[in-house]
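Given below, in the form of structure tokens, are the structures.
Next, two complexes with chain A in common: one pairs it with chain B, the other with chain C.
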Partner chain A sequence: MHTTKEKRPSYRPLVSNKVLQQTMGRYYALTSWHRYWGKFLRRPLAWVTSGAPVELLRAFNIHCAYPEQYAAIYSARKATVALCEVAEAAGYSQDLCSYARSNIGGVLRPDLAPLGGMPKPDLLVACNNICGTVLKWYEVLARHFNVPLLVLDTPFMTDQLTPQAKDFVIEQLSAMAADLAEITGRRFNEKKLAEQMNLSRKITSLWIETRQYCQASPSPLNAPDLFINMAPIVVLRGSQKGINFYSKLKDEIKERVELAQGAIENERIRLVWDNIAIWPQLFSFYKMFSEKGACFVTDTYSGGWAVEQAPGTPIESMATTYTEVFLNRSPKFRANQLINLIKEYRADGFVMHSNRSCKPYSLVQEVIRREVMRETGVPGLMIEADMADPRAYAEEPVRNRVQAFLETFDDLK
Partner chain B sequence: MSNYYVGVDIGSLTVKVVLINNDLEILGQAKIRAGYHGREVAIRLEEQLLADFGLTINQVTATVATGYGRVTFPSDRELSEITCQAKGISHLFPSSRTIIDIGGQDSKVIKLLPNGKVADFTMNDKCAAGTGRFLEVMATALEIEWHEIGELVSSSENPTKISSFCTVFAESEIISQVSAGALKSDILAGVCDSVASRVASMTRRTGLETDIVFTGGVALNRGVVNALTKQLGYPLLVFQEPVITAALGAALLAREIRK
Partner chain C sequence: MVETINPTDSKEALELLIEEASLKGSDRLSRYPKHRFFGYFCSYFPEELIIAAGLHPLRLLPDSENSTPVELPAYCCSLARGTLDMEVREKWRDLVGIGFAHTCDTMQCLSGVWASSGQSKTVDIVPPVMLKAPGASRYYHAELHTLLSKLTGLTKQEIKAKAIRNALILCANARKLAAELDVLRPNLPSPLISSLLRAGQLMPRSEYTQALVNSLPALKAMAEEPHDKAKVLVSSAVLENDSLFEMIEELGGRVVADDTCTGFRHFSGVTVGESEDPLLDIVQRYSEMPPCPCKNRSLNERISYLTTLAKQRHAQGAIIIIRKYCEPHAWDAATLSERLRKNGIRTLTLELEGANAGGQERTRLQAFLESLPDYEL
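Up next is the complex of A and B:
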């Protein structure tokens, strides 16, 4: 086959994409202009990690912005290399996570960052349920901006959540509530927190339902769709705008399934994706698969936000839910998670992105890959790349592996 | 009328062409340095090989291209080296379950199912250590010809240690060993050990199952073959022309797609 550079989309565009753009556009505009309304409405701006207990912050009327999410946008808009170089020149190692590097680069040189960079935070909230890097990264930010840093330490789960670990997290959440009361000058209102949890529950179940439609053949969504449509579940969890968007998305996906419309033309091979998206190559990378009829029907990454809240009081529920995040759990748990996805979505194989930036996600992948292959009998491919830094992506070797992998599904006769 | 099938493997260093007939007999084969014009070199090489048998390109039933230059070569189908290598080796050695292939710029381990299909594979990533290019750079640094390596290594009694995994750093390591007065044979033995250790660990990662076939240009190098045999603890099967096995697989696959 001869590859051509023609711009024919190999995926079916979503009508609800317009609502997504409106919803996210409004959020970015609000965030960018925070300095004009934040003080006036007594709504401080917090920079938070993707696994931070955002419902608690929202209960204090705090506006949240996500450096990880901005970093993904920097990458999709091809600004990461320039921003990373700024951070590297300032002394940060090339081995540091590319989200952290490009975020720090954007702090030092906002003029190089898309969306004008992130607006200055009033406080920082980091939770180590996704990785340990966020602690040092946010310490750097706290020193730079001279603002308070609140940390939630969720103990790594080798098996089940122990009562001691749960109590430990509950205690920290209560302390965090007290700190937030002091910072915002508002009283902690448990009823308001419960409302936020309810809204979160609603948006999460919509995201879960939407994803489950992809168990159909052909799958109505492919990985890039999942990655693009996950933005509101990350940044607008607990907002009515987010709920409205996912209701529309869900309806559209339901209709696609009823009409047997696949995300890609001629779905032939169903795959599961593991690890963060390769943002700088979002379309070109996944096109290597879609043009050969291979569709990523589900993934562990955007699936990280499709987890139901644990039972209990709002604080108890948050403690469990945020500690049980899959990146905070054993390789055994993660292998089972993939095995179940392969079974539930009737996948023919899986692809793991060994992500140079994300150590907790990537380090144990080889062990998991072998376990999943043994357990399910389906092949698994490992691709070496980076979620944001295109310098870690070598097109030709990647193409080689992808082609070889996809050929294993063919009977070449 | 007999049918003819051609497999073309355009690698990073060498172009290989294999011609087979309907009875899966290898009628002829040819190889040449690829250089900058890999595609043109491959087209000419194929024409020459066919001419040796009084054939023209129009008499070939199907051609499959593989290797780094596969996309630009005019063929009926382009297939990855993994698929072609698996086909070629399982044809030559039906008992093989593990293939270790060290070529010019990559090394790979392929695990085969009993039916010869690919079960799993691992490739080196973004690094030339443990490849043919690595050996070439080291041979150049020591001012010897590539094919002399095997002979020299067999006389080594005290192999040196090359600790670096990086081709560039390993080269400077060798230069300091030379100035420290180490014997060429000992340094080369160290180089072979270093390649073997890298590939052996990749093999174990993919899961070692016998029989093991060693192929690709580096399989011609006795120094590496011996070092790898020692490190894996199993004998290695090597085809007499290990450079052409992927091209052979491509030719066999050309026959399958047009049978």
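Up next is the complex of A and C:
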């Protein structure tokens, strides 16, 4: 039964959302119209993976577009199924990552893609620090567009970063700088790279600070806020526009904390989220929680961009920072990360999205879940879905599992 | 049982190899009571170093394609699920350790899951993915050094350069013999060849090479011109049994080119032995062998290699197998199929849960083989 109070919207909108929309709107417009200004300004367009060393590209004045980001938009705008079907008909198995499939669908049928699809790239840059999928995906794109593909191979870390892995990545980054110089006709300027790294550091600090405010009770942000507000840290890292946005967001969140305004009404249960958002159900899914006073106070996904740069020269720092990305690390590391989040954010439990699309994120989750529960004593729920393809989402079983999980807190509180 | 291990009679040697291939190592303790085995998953795990450490490399293959260990979700390939389930059932208890070579995302995860929930000791090596990237060889070489010290830690015995050299020679010999088998492929039943090659990933290698040498006369005697067979190339990840090859043969096909992880791809490529440092020879071999879809030597190398191979062997068709949830092979399937077709080679893509081909596959395979130009029965 809902009380009148509970009928009020359980979601508190952010004032800075407007700035977010403006900032991102401008970015998408610029990207869409790249063909009109790119050549003129000698700024090629690169499609890059979310873990690519974007500071280096920016140091060459390259404009970056993120297929993963577009794929999330396709999904939020309910275009994923149609696009995936195009890719599937072209021979790409339904079991492949839905970001990749919908991106390929959009390449083959831009008319079906929101925003008119992505503008054609001049080059492709992939880094396998997030998965092996990106290599295969970008190989397909490189053949299709017949443009250069630069790959940064960041060896998977079974434990600590080894000296040989670090040297290997440094060597590749230096070679990549030389390749980019040739592609863009610009010289590699280490000072410019240092400036980019500086801007990146600033934006990352703001994102870290903003997130840390969620340690307060009630938490000023809930998972959908985190997912929506992470867009600029991904696509505008190293830009002043991104910094401006996060300054505003941080101020607003700080104020929320001072006023003890929670992201949801009556925060009762504090949870941590693990894995990529369920984009097609962004509001309905998380509403099942917020209705019951459960707030996702932090997450591992958008937290992937809240990592400080490693020390060293710009290239050394990039080598370490990009290799040490959490998806490139062992389940042991990931379990510790989750344990720390639960402690720091005083969480009562955690929810893992077993994401059919993303094997590196998901296949290890069960052993992590057990370890985290053992170490922290808080319950962890596993839910099977897909970040973008709604065909993998079974509403009823998910609802039942969520309800049962949330009821366990009724007994405890 | 030692006398059955190394028969000198050609036919018996052949029988032994076939038996070993079907046992998939399950009888190792009674057959080879004095041997210590070390499990591995992938052809990129350098078996030379396992042998140099005084151990016997055993490729881990699942005993069922329907296992669902709780540690892994259902949307994970049955190779990972099946072998992990066997770990839970303590089927690998006697192994000195289990080696993981970083290849696909699933293997990467399996190694972590195994280390967290299994009893066996695990050892990882992370070869470069971009095999020709600047610094890749140096990195690979350093990784091999690290692997050497991990293996030393496991056996508590120093691994001498001489032992590595000897292992290189043994492996080179096995590969040379496998290449001889591969040449006989058009003239011999396909499931037989696939069995013989699989045995070479399960048995102690000296026993294997010896038995293979001894069985070659029998094999050569059996060889005959395949007049009316439809010639096909098969590309796949791991196949733990000969079900598919049997079906192809039954339906009038013949596998003339084999690009499977557990087939000839495992042995293909060169073995060199000239460097002062044997680890450099290992780097060179594994960097230059025909790549699997998880590795990149250049954008189109794998696709071109397979197209050329199919043409050289006069394949009329290609059967591309996707093990359910196996991403790397699924990714290449579309491009490979397109490229082969452009070269006049028909293709059939089949998705299998494991290695077993069933009724549905039979119908599709039959229709496919019948559609090939020279097919007549």
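One rule holds in what follows: the second predicted complex is superposed on the first by the 402 of 413 C-alpha atoms of A that agree within 3 Å, B and C clash if a C-alpha of one lies under 4 Å from a C-alpha of the other, contacts with A are read in each partner's own complex, and residues count from 1 in each chain.
Here is the rule we use: a residue touches a chain if its C-beta (ideal position, glycine included) is under 8 Å from a C-beta of that chain, and two chains touch if they have at least 3 such contacts.
No experiment lies behind these values; they were computed from the predicted model shown.
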Request  = Quick one: classify A:A260 as touching chain B (first), chain C (second), both or neither.
outcome  = neither
Ask   = Counting only touches as set out at the top, which of chain B and chain C does A:A90 meet: first, second, both, neither?
value = second
Task = Considering only touches as defined above, state whether A:Q403 meets chain B (first), chain C (second), both or neither.
result = first
Inquiry  = A:V15 in the overlay: touching chain B, chain C, both, or neither? Say first, second, both or neither.
reply    = neither
Key: Comparing the two partners chain B and chain C, which touches a greater set of residues in chain A   = C
Request  = State whether A:E384 touches chain B only (first), chain C only (second), both chains, or neither.
outcome  = both
Query = Should A:S362 be classified as contacting the first partner (chain B), the second (chain C), both, or neither?
reply = second
Query = Which of the two partners, first being chain B and second being chain C, lies in contact with A:M373: first, second, both, or neither?
reply = first
Ask   = Is A:A29 touching the first partner chain B, the second partner chain C, both, or neither of them?
value = neither
Message = Output check: A:P331 vs chain B and chain C. Expected answer is one of first, second, both, neither. What do you get?
response = second
On chain A, positions contacted by chain B and by chain C = 366, 384
Key: chain A-facing residues of chain C, complex   = 70-73, 75-76, 80, 102-106, 108-113, 115-117, 124, 126, 128-130, 133-136, 138-139, 142-143, 146, 293-294, 296, 299-300, 322, 324-325, 327-328, 330-335, 337-338, 349, 351
Request  = Could you pull out which chain A residues touch chain C in their complex?
outcome  = 90-93, 95-97, 128, 131-133, 135-137, 139-140, 142-143, 149, 151, 153, 155-156, 158, 162-165, 167-168, 170-172, 174-175, 330-332, 354, 356, 359-360, 362-367, 371, 384
Request  = Please name which positions on chain A make contact with chain B in the complex.
outcome  = 1-3, 366, 370, 373, 379-380, 382, 384, 394, 396-397, 400-401, 403-404, 407-408, 412-413
Inquiry  = Can you tell me which positions in chain B touch chain A when the two form their complex?
reply    = 68, 71-72, 77-83, 106, 117-123, 125-126, 205, 207, 253, 256-257, 259
